[in-house]
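Before we start, here is the structure in question, set down as structure tokens.
So that you can tell them apart, the chains are marked A, B, C and D in the order they are listed, and the count of residues begins at 1 in each.
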Amino acid sequence: MPEDEFARAAAAIAAAGRRLDRFGWVPATAGNISVRLAGDRVAITRSGGHKGFLGPEGVIQVGLDGAARRAGDRPSAETGLHCGIYRRHPGAGAVLHGHSVPATVLSRLAGETITLAGYELLKAFPGLPTHEAAVALPVFDNDQDIGRLQARIEARWEAGPAPPGYLLRGHGIYVWGADMPQALLRLEAVEFMLRCELEARRLGP
Amino acid sequence: MPEDEFARAAAAIAAAGRRLDRFGWVPATAGNISVRLAGDRVAITRSGGHKGFLGPEGVIQVGLDGAARRAGDRPSAETGLHCGIYRRHPGAGAVLHGHSVPATVLSRLAGETITLAGYELLKAFPGLPTHEAAVALPVFDNDQDIGRLQARIEARWEAGPAPPGYLLRGHGIYVWGADMPQALLRLEAVEFMLRCELEARRLGP
Amino acid sequence: MPEDEFARAAAAIAAAGRRLDRFGWVPATAGNISVRLAGDRVAITRSGGHKGFLGPEGVIQVGLDGAARRAGDRPSAETGLHCGIYRRHPGAGAVLHGHSVPATVLSRLAGETITLAGYELLKAFPGLPTHEAAVALPVFDNDQDIGRLQARIEARWEAGPAPPGYLLRGHGIYVWGADMPQALLRLEAVEFMLRCELEARRLGP
Amino acid sequence: MPEDEFARAAAAIAAAGRRLDRFGWVPATAGNISVRLAGDRVAITRSGGHKGFLGPEGVIQVGLDGAARRAGDRPSAETGLHCGIYRRHPGAGAVLHGHSVPATVLSRLAGETITLAGYELLKAFPGLPTHEAAVALPVFDNDQDIGRLQARIEARWEAGPAPPGYLLRGHGIYVWGADMPQALLRLEAVEFMLRCELEARRLGP
């Protein structure tokens, strides 16, 4: 039943929010979390509200166009980024947007890409069975016009293969996977590697 | 009933203290937390005591002049700063004074202001709907004479628009909001940005 | 009864996983944990899965050759390293492989050894009753060919005395002890000292 | 009844151990905790064992000379330092020895003293009602001969006024107070200031 599917998705989203909050990755009202539902719908955290303390009312349904399915529900501005991932990547079943200190600091210093290489944890990413590969995470300038931002993101996806994640400058990271467990594992792996990068940079060139 | 209102405020204050303690923002007996009550009264943490472990006796009532309403209650020295905020800012419903490592370290290095710019989390502050704005947090020298300190703070407020927060050098941060949830969100947002500033400074000029 | 022994070992492994996760030492699916059983068998975390959330199905049995004892069980690639430790060191009763930020960052910068000296916590290691000794942890280049990696590790053990632990470059640390409590104490001690080393390096030469 | 007094002291010690462990200040078997009892006796953590997981058997009784009161009880080597504090300072009711990363790193870099100045949290220390004072914490070279170490500590106390705490190089910090709550507050205050010192040093001269 669709209600059961939505209830399970909302529970998974709330649990993910608590784990992200434990790590300090959803400070204040930052971050958002979504799960793909059947019938071209998405369960996603509503606008505002602290993602570490989600109750049942904290998750709403939208279509792949980002529009709310129930009258009165307010999607966050960034819903469009989640839906852009689901439309482009049929295998994406869950999307996590976190807001950590390393992601924020490193994205402000980066150019168009942050490359992670030489880490065993790269194995969390598709097509990378060895630590000798590298993941090149795109970094996009932040933009309050989500439509315009999504267009730039899609242009980068058009230009060539890209990993299942990207950074928004000063605004955190988006990571996705086939389901919530995979998305959580990938986010945890990337955040670990970003923390290592930040520590390594402190030690000088 | 006023007793119910006070009981609810005391519970909100104790819960806020536990969250601040989880972050390490109320070490030892540092920090204090207050909520505006009806009738020109304020519920505030009493002097001494660890703010992460507040029981019902840990919260007292004062007037907007900072004087205790019940015989024998001992307001902390900094009660005057809370009341100064409530007198000056009619929209302030809750005030949080936290004492984090980034706030302490950065305030000791700063001049009269710490400016936070380019962070998505700036949207937690009034009048700043985009990340392209900046928040200029005043920094005041610490002073054991709270009346004298409050006069300097009010002089800065007189001089021009100011955000709903300020730093005391080597002594932490004051943040306020319309109610406790908004105050907590603003404090979490500011502390996140201060942590980013500290990390960025470590990476050099 | 062997089933009881295995059940107790699996419980100890799950508890160890929760403590390592609390420290952030088993991010994503990284890390693995094992306990020696009677009869040349080993209880070890299965491939994949987050080590902070192990259920009873998360632990399998292998022989000292690393092969699964039950049809369908999938040992992780690194099982060979755990078994190599048990074959070489008869006194080893538990092995912990953690994946912390300091271990990852420092191993990437190190040569063939990381030396820890002058720490009181060195007393956690055999033959070091005073803080004036030093522990020289071998550092090996990571390798997806576990057999080849184990051969290099055994060559180092052949070359002379070595402490009950080593680092894999960019891949974390292996530590062992007579039983799980001793292995946990040693891992906690080493990770503390690595954190101190990382902090000290940040302060310059 | 003395048994009740000891039981209450053991419970306070275990609770303190859990809080210190939450902060990461009692890694592996490091650290120890004691409370003064009537009749020139002391309740103190026994040798070995993780101080974050103390059960009733984890606390023993010793005399002011450091000798165990019950046959078979093994005091830790550092019991002599606790007793030295109780003999010298009649007002000391509880002693905490913690082992944090900042205390370890800064003590290895320091000379004979670490001076903390300009922090509001200095008010946790006796005779310092303002933030404009300073606390000069003595730093002693570590020594496995506790009697010899205690003699050097007493020589420093003879030489002039000293704060209720000192550091052992590479080995952590000792702090005391009139009772366990005061000792815990002082330790939390000092550790916060040491964390600030470490952060400030990272930012350069």
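A few comments on the model shown:
We take it that a residue touches a chain if its C-beta (ideal position, glycine included) is under 8 Å from a C-beta of that chain, and two chains touch if they have at least 3 such contacts.
The chain list, named the UniProt way, goes like this: A, B, C, D = Methylthioribulose-1-phosphate dehydratase.
Quick caveat, the model's predicted, so the values are computed rather than measured.
The best fit of Cα atoms from chain B onto chain D calls for a rotation angle of 90°, in steps of 5.
Because chain A and chain C share one sequence, their contact can be compared position by position; here under half of the interface residue numbers appear on both sides. Centroid distances from chain C, each centroid being the mean of CA atoms, peak for B. Separation between the centroids of chain C and chain D, computed from CA atoms only, is 32 Å.
Multi-chain contact residues of chain A, defined as those touching 2 or more other chains: 202. Arrangement of the chains shown, judged by which pairs touch: one closed cycle in which each chain has exactly two touching partners. Here the chains touching each other pair up as A-B, A-C, B-D, C-D.
Interface residues of chain D facing chain C in the complex, by the touch rule stated above, are 24, 27-30, 50, 99, 101-102, 104-105, 108-109, 142, 144, 168-172, 198, 201-202. Residues of chain D touching chain B in their complex: 118-121, 124, 129-131, 185-186, 188-189, 191-192, 195-196, 199-200, 202-203.
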